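Common to both upcoming complexes is chain A, partnered first by chain B, then by chain C.
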Partner chain A sequence: MRRAALALLLAPLIALAAAAQPQSGFELMAPETQAMQRDDTANPGMLWVQEGEALWQQSGCAGCHGDAAASMRGAAARYPVYDEARAGPIDLAGRINQCRVERQGAPALALEGEPLLALGSFVAHQSRGLPVAPPADPRLAPARAQGEALFRERRGQLNLSCAQCHDDNAGRRLAGSPIPQGHPNGYPLYRLEWQGMGSLQRRLRNCMAGVRSEPFAYGAPEYIAIETFLMSRAAGLLLETPAVRP
Partner chain B sequence: MPRAGTAPSRRTCLARWPWVLLLLAGGAAAQEDSLPSLTGTPGDAVRGRAIVTTRQRGLCLLCHSGPFPEERFQGDLAPGLAGAGSRLSEGQLRLRLVDGRRLNPQTIMPSYYRSEGLHQVGPAWQGRTILTAEEIEDVVAFLLTLRD
Partner chain C sequence: MARTLINLPRNPKRGEVIEIRTLIQHGMETGYRPGPNGVTQQRDIIRSFTCLFNNEEVFRAELHQAIAANPFLEFSMLVTESGILAFTWSGDNGFEQTETRALTVA
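And now, the complex of A and B:
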């Protein structure tokens, strides 16, 4: 009886502690999907990582960056970072294209095209297992604030904000599927629903269309602001690229 | 007339005022809590059931569960629909479908018959309500049949 009363008293505290700790969407997946992500020979995202490694070699990235396993380790855990040229945050895909255009004199790769997804997956994969560690750069604060405002803004014909599902109702079931907290710690990732690889921006567009709102164009600063906010919200979670999600 | 011949004193008159105010306020709240028919024609409960259980039309089962054993994937973000017809009146159900924000501005329940006051609506949905007036009446008619 006393133990039950104690448990009742402690339950809200335990719940609070759990809420303070970000939880990867991985934890909510079916065991088969978790196993698919864990096993590199079964994880379809590894095909993009391998393709990205080939592109890294062919495109001459190694000429400056050397061994990606050393030079790229930690990059995906930090990004988006502040970029002088943009006078704002730049995401990893944006940096890859900036590097191509300005340093290699090569054309930018199409956003969400397979080559950029492959290179992005290869680079992000070098940070797998590292904790999300957004830089404490005060120049990122305006973008982070803008991203949070967008996260909390109700939109679309269904008039829902990201926060209403991914903060207020995370863990509950939307049509039978558990709602994750919405952390960006596995991108680019292989989504079973897509039967393919996609970026965080593609995922954000899915939700925006889901609430019947007009998504921003790929590469829009709004997405990078949202990513900047989401990375600070996910601080400490381990990078999983290439993650697998339902 | 029980009170015939007894003129109420000024004091009792004043004492009754709070009750009158309460009744007035209660009346106003009751009015706010429900809506009259949008079409003047009773809805069709069979069509209403189809709207509720068709994911792309009613969207209801994304958040609600209900007595629909054939529907495998139902949500738990919102109160179950079982017994909705005994908990709420026709007018109360209608208001909650039309624009639940009038009762709770923070609700996650979309306003099914409202197209203004929205933000960044996709082109395909602009100026359109989620359901038509007839569809709202059909859903109300169906929900009223959920008695337990």
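And now, the complex of A and C:
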């Protein structure tokens, strides 16, 4: 009873704090799920990180990049970055495939396939604990603006925009589930609902299908624009890869 | 080979009860779900898990369809001596994997 009263008193304060600085979806999870993410021996995402480490050695990434703990630290915190060849932003998965095709002469890995998710989680895992630091590159501004426009654009049969849930109603509940602010600070992540690993693009497709709109295809520039915007929105949040989400 | 994560305390004392945690990468396909083509997918799950300590069984579990993918199992064991722990997961389609870990008493 006293606890409930305290929570009521604190609620507006928490809401104010949330508006001031981004809050990770981690904070809204059940204590059991949080414990699962915190403990590397219980976090199923670590299986993919392990797999990624093996792939890093096997597919010759280590030949140029050496020890990932040093060379890849911070990479996930700044991506998507501007890419000359694309004349636009490129995400981490896109960079891994670009590196394979152009420098290794190997075929690109299938988007959302297990090997790419594994490599992506291994690389992103090296930045765990670092704050999201989107680059101040002015060439990324158009993508950020496009991403923000998509974020605020109403979509689908339900005619909802991302912002209507994740800005206006974050912290409240949609049916039984808390609505997070929607920050991309733990991807690729292990989602209990998927019983597997997934990228930010898979999560975005989920939400798009949820409001009954047609999702873009994997790898579409729209997703990368949204990711560029979301990373600037999440600036300062600590990376959690591999995160666990319900 | 499926990836596994096994967590043991580093140097347990004799007579101590330790917690052992295991996690294995496995899809645990129930056999009830239709695939993308509408045809029910074949069951593919881990059926049993055993843990041997110096070839003596210390823990066994039967797994069923309702168990989530990438099953996580945690159990405890009384430490009496140093030895080798062997973890075996076996299941449908001839799935069988054994991992071993040395346990050293402090």
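Criterion: the second predicted complex is superposed on the first by the 228 of 246 C-alpha atoms of A that agree within 3 Å, B and C clash if a C-alpha of one lies under 4 Å from a C-alpha of the other, contacts with A are read in each partner's own complex, and residues count from 1 in each chain.
Quick note on the criterion: contacts are C-beta pairs under 8 Å (C-beta built on N, C-alpha and C of every residue); 3 or more make two chains touch, one makes a residue touch a chain.
Computed from a prediction, not measured in an experiment: that's the story for all the values here.
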Which holds for A:R173: it touches chain B only (first), chain C only (second), both, or neither? first
Could you tell me if A:Q195 is touching chain B, chain C, both of them or neither one (first, second, both, neither)? second
Kindly classify A:R155 by the partners it touches after superposition: chain B alone (first), chain C alone (second), both, or neither? first
Count the residues of chain A touched by chain B and by chain C, then name the partner with the higher count. B
May I ask you to decide whether A:A133 touches chain B, chain C, both, or neither, giving the answer as first, second, both or neither? neither
For A:A163, is the partner it touches chain B (first), chain C (second), both, or none of the two (neither)? neither
In the superposed arrangement, which partner chain does A:M46 touch: chain B (first), chain C (second), both, or neither? second
Return first, second, both or neither, reflecting whether A:L111 touches chain B, chain C, both chains, or no partner chain. neither
Contact residues on chain A for chain C in the complex? 40-42, 44, 46-48, 50-51, 192, 195-196
Show which residues of chain C lie in contact with chain A when the two form their complex. 3-7, 21, 23-25, 27-28, 68-70, 72
What residues of chain A sit close enough to touch chain B in their complex? 153-160, 164-165, 168-169, 172-177, 179, 209, 212-215
In their shared complex, chain A is touched by residues of chain B numbered 55, 59, 61-63, 72-77, 101, 108, 110-111, 115, 118-125, 128, 130
